Every structure is written in C-alpha cells, then in structure tokens.
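For reference, the structures are reproduced in the following blocks.
Both complexes shown next keep chain A, but they swap its partner, so chain B is in the first and chain C is in the second.
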Partner chain A sequence: MNIIEAYDLRKEFDIRVRAGRFKRERRTVAAVAGVDLVVQRGEMLGYLGPNGAGKSTTLKMLTGVLHPSGGRVSVCGLAPVPQRTTLARRIGVVFGQRSQLWWDLPLRDSFELLRHIYRVPAAEHAARLRRCRDLLDLDAFLDIPVRQLSLGQRMRGELTAALLHGPQILFLDEPTIGLDVVSKQAVRGFLAELGAKGDTTIVLTTHDLADIERLCRRIVVIDHGRVVHDGTIEALHARYGSQRRLVAELDEVPATLPDLPGVRLESAEGGRLTFAVDRTAPIGTLVSQLTATGVLRDLSVTEPEIETVIARLYRHTPAPR
Partner chain B sequence: MGFITATADRLTIRNFTEMASLIRTLGASGFRRFATYRQATVAATVTNSVFGLLRTYVMLAVSAAATAVGATAAGYTGPQLVLYVWAGQGLIGVVMLWGWTDLADRVRSGDVVIDLLRPVDPVFAFLAADFGRAAYAMLTRFAVPMVTGALIFDMYLPHRPATYPLFLVSVVLATVVCFACRFLANATCYWLLDYRGVGMAWAVFSGLCGGLFFPIRFLPDWAAALLWFGTPGPSLLQAPLDVLTERDGWPVQLGMLGVQAAWAVLLLWLCRVVQRRAERKLVVQGG
Partner chain C sequence: MAERLRIYRELVRAQVRGQASYRLSFTLDLLGNLLFFGSDLLAVLVVFRQVPALGGFTLRETLVVFGLAATGFALSDLFVGNIERMKTYVRTGLLDAVLIRPLGVLGQLLALDVGVRRIGRVVYSVLLLVVALRAADVPLTPVRVLMLVLTPLCGAVFFGAFFIATSTVAFWWVESGELSSSLTYGGRDFTAYPMPVYGTWLRRLFGFTLGFGFVAYYPSLVVLGRADPLGGPAWLSWTGPAVAALAAAAAWLIWRTGVRHYRSTGS
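Up next, the complex of A and B:
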C-alpha cells in the first residue's frame, strides 16, 4: 500500500535579481521540477541530492509546510497542505539543523509538552518513552535543559520527540549532521531497528552516504529538482559501471597475468597488483588464476564507494535550461 | 507496544478538558521558561523600579502644580498618580511591552517550520505560553515594584472591592492585546525578514499610546478618544491602570474592559489571518 504518492510535484520561487543600478527583475527559480515519488508503507527510503537539489523543499511539501506550485501529492491518504494539522499527528519529522525541543526546559518537560500537544494517552506515551529511553540511553540527561545537551544527546532527544506520538512516517532531514562517530552509530542503530520492524515508513535525507548504505535498500537521487535515480544501491552501481578493486600481494610478478573480460590491471607496484573488476566480471576465476601462480601472499577485495558513484551521478546530470 | 497508533484523526475538539489541559501545559511551559532566567528577572525588576522613582517625582510635580491652582492632574490625585506609575512599571513586564522577538527570530532562522509541523495553531500555542509567562511576571516583575512604590510613597489603594477582580480581568485582556500586537509586529518578518525597524516603531508606539510615558487622559478629549477607539494603544496599559486607580466609576471601568475585549478579539482574528497569509507565501530560511 502506498503511503506517499507524489506526481509531477513542483515548487517554484520568485526571486528578485539586480538588473541595473536601480532596476530589479523578478525571476522564477524551480526548486523542484516535476518529482514523481511513490513510497510503500514500511519502506525505508534514502533521498539524496547535492546542496540546492530540492531535497528539503520536497520534504517540506510532503509535510504540508510548503505549498506546491504544481503536481499532485498525498501523504497517509491526506493532502498535506489543506490537512496539515491532521497530517502532523501521523508523521514525525527530525531536522538535523533545527530543534523541536524547548530550549530552556529539561528534555523530560519537552516530552511531556509534546504528549499534550499530540494528545497522546499517558500510558501510550510512557510505553514509547520507555522504549526510546532503553534504545537511545536517554536516562542520563532527561532532566537537563536542552540548551545544555551535547549535539549527540540532543539528536537522540529529537528522535524520541518525533516518535512519541506514534507516527506512520518518519521524515529525517540530515539527522546525523555534525555528530561524532559514536553518536552516529547510536542513531543509525536505532533507525535500523525501527526500520526492521517495518511498521514505520522512514524517509531519510542526508549527505552522509554511510547512513544510506547502512539503512536504505532504495534510494532516490534528485538533482536540479528532478529525480535522476530511483532504485537500489546495486542498480545505481550497475548503471554507472562502478567497479570493485582487487588487490593482490605477490612474492614476484608472474610472466603472464590473468586476462579476463571485465578485468583490467590498474596498477602494479612491485608485487602489489591492483585490478579494477566490473561487477559482472568473474572475480572467482581471477582469484583462482592468481592462486595458481603459486606466489600469492595476500588478497583483498574492496567494494566501490557509493560516494564515488554519487559524485559521478551528480556530475552527469545536466542543469535544466 | 509498537510505535504506531496514530491512525485515527482526533483533531476535532471533542473534549474541552483536553483543550484546557493543553492550555494549562503550554502556560506552565511559558512560566517555567521565564522562571529559568532569574538574574534577568532581577535586572528587569530593578530597572523598572529605578525608572518608577524617576517617573513618580515627575508625576508628583505635575500633581503639585495642578493642586496649586486648585485643580487635579487630569482627574488623578497625587496618590492615584503614584499608583498609576508603579502599577504601570510593574505591568511593563506582565504584558511584555518590549523584547519579544520569538516569532521574528524563528522566521529568520527558519525554525518556524517546526511550529507548522505541530497539530496546534501557532497563534494559539504562542498565546497559551504567553499566559504562563505573564503569570510569572505578575508574581515577580509586578509584585516587587508595587511593594517598592507602596513603601516609599503615599500610594492610593483601591477602595471598591470589585476593582480588584476587574483589574485582573483587564490585565488578562491587556496581555492578550499586547501579545496580538507583538505577534503582528513579529509576523512582518515573514515578508521583511528583518524585525528591527518594525520593532523600533512598535516600542515608540506602545510607550506613547499605551499610557506608559504619560496618562492618555493628559491629552485633549478628542485625541484620547482617537487613541482609545482608533488604536489598541490604551488597551495595553491605560485601561488596567485606570481601572486600578479608580479614577472613574464602575460603568466606565466596565466600558474600558469592553473596549479591551473588542480589541483582543479583533487583533487575534487579525493574527490568524496574517499567519495564514504568511503560511501561504512561506519561504523557509536555510533550506
């Protein structure tokens, strides 16, 4: 069942630019230029794009904060803008660079306020809070004012705040921005567990591709306001011909090197050979042939980095005229 | 317990208890937020009291000059003017005449998006929290200058018992009117993205037309009537202060409350209209 449906979603902004000493011209800029997006209930979707691609704008249209300039959109079966307050009870949103907590109050008080705002029965609220306290280790800082929390602690508080009313969809806009490695792992671990249960749909927008690799099977890449990829990470690798690297440490370089389709010797430094291997190439045969030389000392295979693939994708996407 | 249960829409106000509970909780949050900053409260109270001394001597001089020619200062006696000044100094913090830039700051930073993602009307949420803030200010920033003024000067104390509840109602209405004015001034930031100019204009207007710098009754009748009915200014401070000083009989006191109530309703409606307009054209700052 589709929980998010957006067809030909558009958002245009009018900006004024200087066109002379005293003259200003109005210019229309398309932030989102016809995005189609369908998300199934329980899906975990990575929504990627370079700065200014239209990610946050899309999210704000899906949550009812921004009025689309065109297209059709439905979230949880509701029209986001006209039914924004109804929708607000069914979605949770975390903006990595903004806070939904009350700056001057302890975390516990913020949660209590949210319970009243979302009219959550006390027992449900307590049960969800208990679960978040266990999974996100909140107990140590529940009574500290939000302004005194570290970024990692605050982000754990933000995630809890977004989930206390039991949302059907969780929108996450750069939830790990600025976090240290340990905090990132805590947040990712929590989201992975939440996603694994399959009852909360998660839409994750981030620049940290490790988040995506760890959490999302499906990724949608947007650039210049248009979707340029919608599918699995593997499909993205296949589409952009990304290659694995096989590094072989040999006692000596043999007279004949393996010659297989889709395998290319990238570098040879002494006995250290690096092969670029296509994803469809017979990497097992390559390993067998190297082993057969009798001088193989060590061997390692590295997967292609998603950063490289995404960077290539961004570079290949032309700006709309 | 799974995370999901929010499937049924319970938005309609079926139950006044829930609504009252929300107002109480948001109000309590406003109270606690401001109670956090005790040093700021002390500094503001001391400042209000110092200016109270200065203003009292000016008003007493005006009253003495009027008495010397066998008249009163626009109908106020000396002790009534003392009460007017000190209650006015206390009410600055209660109605929060100046210094509220929460909405403008949130628009500028883009944090206003968080307010729009909640299932409560932003005007209602800000107002409920403002009641809590006003309650805290009543206990601190109003009480201390009043006691200070009463200890140093010959201050008038209201004789009619009904004046006290009328004064409290007037203060609540003044808080609503002042909140709505502040909200509207801040809301200009949705279009201008800068509050400084509007904030300065609001500070001058509220002090001059609110009855803080001098009682509106000092002006000619036509000018006072123009301010009372043409602007919300006198509903900010002049009304509660005139109710408290018992310058007029209870029919006039009730009339002033009526004017305040009318302004409160009109301005809150305007806040909703402006907020909806702003939401339609909203461009959230900072991506």
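Up next, the complex of A and C:
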C-alpha cells in the first residue's frame, strides 16, 4: 500500500527582486517543479539534493505546512493541508536545525506536554517512552533542561518526541547535522532498528552519504526541483560511474604497478599511491597485489561524496576515465 | 472543547515553569513593569498639577478610566502581546513546528510564549483601579460591579484583537512593526483619558471608527454614575462586549488570511 503519493507536485514562490533604486520586480521561482514520489508503507527513503534543491519544500508540502502550487498529494490517505490536524497525529517530524522541545524545561516535561498535545493514552505513551529510553540512553539526561543538553543528546530527545504518538511516517530533515561520530551512530542505529521493524515509514533528507548507505535502500535525488534519480544507491553509483579512492603507503616506490580493469593510478608521490577505483572493480585483488610488491604501511579507502555524485548527476556527465 | 482548554492550560503552565527558572530576570521584569507603569501614571498626575479637571473629569475620575483601560491592556498584553514576535516565529521555525501539531496555530503560538514577565502590569493596574475607586468614593452597586468585571475582560479581548490584526498585517503585507505599534499603543494611550479631552477628529477616528472609546471611557460613565458630557446615549456604555466580539471576529479573519498566505508563499 502506498503511504505517500505525490504526482507532479509543484511549489512556486513569488520573490521580489530589486531592479534599480526603488523598483522591485516580481519573479516566480519554482522550488519544486513536478515531483513524482510514491512511497510504500515501511519503506526507508533517502531524499537527497544539494542546498536549495527543494528538499525541505517537498517535506513541508508532505507534512501539511505548505500548500502545493500544483499536483496531487496524499499522505496516509489524507490531503495534507486541508486535513492538517488529522495528519499531524499520524506523522512525526524532526527538523535537525529546529527544536520541537521546550527549551527551559527538563526533557521529561517536553515528552509529557506532547502526550497532552497529541492526546496519547498514558499507558501507550509510557511504553513508547520506555523503549526510546532504552534504545537512546535517555535516562542520564531526562531531568536536565533542554537548553543545557549537548546537540547529540538533544537530537535523541527530538527523535523520541517525534515518535511518542506512534506515527506511521517519520520525516527527518537532516537529523545528523552537526553531530559527533558517536551520536551519529546512536541516531543511525536507532533509525535502522526502527526501520527494520517495518511498521514505520521513514523519509530522510541528509547531506551525509553514510546516513544513506547505512539506512536507505532507495534514494530519490532532486535538483532544481526535479527528480533526477529514483532507485538504489548502487544504481546511482553505477549510472554515474562514481569511484572510490584508495590511498596506499608503501615503503618504497614499487617496480611494477598493479594493472587491473577499473583501477587507475591518479598520483604517485614516493611510496604514496592514490588510485581511483570503479565500484565494480576488484578492490581486494588490488590490495593483495600491493602487498605483494612491498611493505604496505598504511591503507585507506574513501567513498565518493554524495555531493560529487549529485553534482555529476545534474550535469549529466559521466565520470572521467 | 474542555479537552482542548486543558491542553492549552498545560502549555501555559509549562511556559510559567520555564520562565520561573530565570528568577533574577523575572524580578527585574517586575521592576521594569513598575517603572513603565509608573511613568504612564506620572503623566496623568503631572497634567492634573496644572488643571483641576480634564474635559469635566476630576483626577480621581480620570484615574478610574485610566485603571479600567490599563487593566484591559495589561491582560491582553499578558496573553496576546507576544504575537508581535511573529517575525521571530517564522524565522526560528516555530510557526512550522506548530503547524505539524494537531492543535490550532494561533492558540499554540499564544500559549507557547505567554508573557509571564508582563504579569506585573496586571497587578499594578488592578491595584490602581481599586485605589481610584476608593478615592472617587463610588458606591458599589451590582450593576457597577458587573461593569467593573466586564470592562477589563472586553478591553483585553479588544486590545488582543488589535495585537493580532495589526501584527498580522504588519508582518505579511507591510513588513513594518511601526503600523502595529502606533495603532495598538496609540489606541491604548487614547483609552487612558476621558474622551472629551480629545478633539472631534481624534474622537471620531480612535474613539468611534477604531472603537477605542468603548474600551474604558463609555463603561466608566456607568461606574462613575455620570452622563456623557458629549451627549451620547446611555446604552453606549454597554456596547463593550459587542465591540470586542466584532474586533475579535475581524482579527480572526485577518489572522486566517495571514496564515493561508504563509502556507502558500512560505514567507
């Protein structure tokens, strides 16, 4: 069953541009220009795109904050704007850079207030809170005012706050932005577990490729308000020939360099070799050949950055060979 | 409805608890309130050092008008005044946060930011009103007591409507807080004195067209047991609730249009 259906979703903004000293011109800008998005119940979807691509605007239309300029949209079988309050009970939203919590009160109080706002039966609320407390380690800071929490602690609080009314869909707008590695992992681990249970649909926007790789099988990439990719992350990499980068440090410059299909030497500075490696290339063979040529002191593999992939995607140019 | 009121009460209590965690700041706010209130009051007293009566009203009678107006205004400032921060709510995303919750938008914004720090003004205004009534030596009949309770409540609704309407207009269409301030605070200053003090033009604009005359002046005539020196009929004193309801309805329409505008333009 489709829990989100959007066809030809559009959002245009009128902006006023200065044209001369006192004159201002009205110009229409399309933030979302015809997005089709169908999400099934229980899916985990990564929604990607560079800044200003229209991610947040789409999310605002799906959650009933903004009225679409055109197209059809239904979320949980409801029309988001006219049925805003009904929809609000069925979705949870986390904005990475904004808080849903009460700044001056202990975290626990925010949860209690949300119980009132969403009119959740006390027993249900307590059960959900208990689960989040265990999985997100909230107990250490439940009684501390939100303003004194670290960003990572606050984000764990935000996640809990968005889930206490048992939403069918969880919308996350950059939930790991600014978090340290440990907190990022805590958040990802929690979302992975939530997604694995299969009764919560998750829509996630992020700039962090690791979030996506860990969590989402399907990604939708938009740029300039249009969908430019909808499929698995592997399909995206395959389609645009994105490459990993392998850096190896050897004791000395090897006499012979490995020659494998899909592997290209980018630079060699003394014993430090940098290879560009296709996603399909046998990276294991490359490593074993390197070990055979000399003493391998250090080795690192970096994933292609999502920004690079998306930039390439938009320009529609295949990777340089 | 009862359920909803309970939720809003919880939200207001949370805001009070939050504010209470800043004790020193709260104390300073109370003092600041006193200072502002005192300076308003001082302006009245200074005038009466020069003249024995204003438009036929003695100092004591004027203070009753002043007290009624001030109590109404302080109440609306306490519960609704924070709507002037509309710009901040949009910028910080509070408006979006409120839109994704299953409750009314205006109610949430008001309850989430209720001006606990402005409570001092309510206390000072009520105190002044009580003192002025004693000084004016007004015998309290049931009708007068009814009027004394009704007037600040209607005044609060009326000023609240002005806060909402002018802030909405100022935010979405004029992009300036000046209009909002000059109308709301200008109106408040207008209500603080008996209407005969003002010239015809001002009386017509603020008193009748904008409706500020019905907030304190006309009701005060019943309390003081006086006829209108301007020759208005006695029933004018009882139009406060109707005028407040009208203002509230107009403000609600303007607010709804404003929010609709936000949801279609995102700003």
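What we mean here is this: the second predicted complex is superposed on the first by the 245 of 321 C-alpha atoms of A that agree within 3 Å, B and C clash if a C-alpha of one lies under 4 Å from a C-alpha of the other, contacts with A are read in each partner's own complex, and residues count from 1 in each chain.
Definition applied: a residue touches a chain if its C-beta (ideal position, glycine included) is under 8 Å from a C-beta of that chain, and two chains touch if they have at least 3 such contacts.
No experiment lies behind these values; they were computed from the predicted model shown.
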item	value
Joint occupancy of chain A by chain B and chain C, clash or fit	clash
Partner chain(s) touched by A:T200 [first = chain B, second = chain C, both, neither]	first
Between chain B and chain C, more extensive residue contact with chain A	B
Touched partner set for A:D230, first chain B, second chain C, both or neither	neither
Which superposed partner A:P145 touches (first chain B, second chain C, both, neither)	both
Partner chain in contact with A:E5 - chain B first, chain C second, else both or neither	neither
Which of chain B and chain C A:F95 touches, first, second, both or neither	both
Chain B versus chain C as contact partner of A:E249, first or second or both or neither	neither
Which of chain B and chain C A:L163 touches, first, second, both or neither	first
Overlap of chain C and chain B interfaces on chain A (superposed complexes)	13, 60, 63-67, 84-86, 88-89, 91, 93, 95, 97-100, 102, 104-105, 109, 113, 116-119, 145
Residue numbers on chain A that touch chain C, as the complex places them	11, 13-14, 31, 57, 60, 63-67, 69, 81, 84-86, 88-89, 91, 93, 95, 97-100, 102-105, 109, 113, 116-119, 145
Chain C residues within the chain A interface of the complex	3, 6-7, 10-11, 14, 17-19, 21-22, 92-94, 96-97, 99-103, 260, 263-267
Chain A to chain B touching residues, read off their complex	13, 51-52, 56, 60, 63-67, 84-86, 88-91, 93, 95, 97-100, 102, 104-105, 109, 112-113, 116-119, 124, 127-128, 131, 145, 163, 165-168, 194, 197, 199-200
Chain A partner contacts - residues on chain B that touch it in the complex	1-7, 9-11, 18, 21-22, 25-26, 29, 32-33, 36-37, 109-111, 113-114, 116-121, 125, 280, 282-284, 286-287
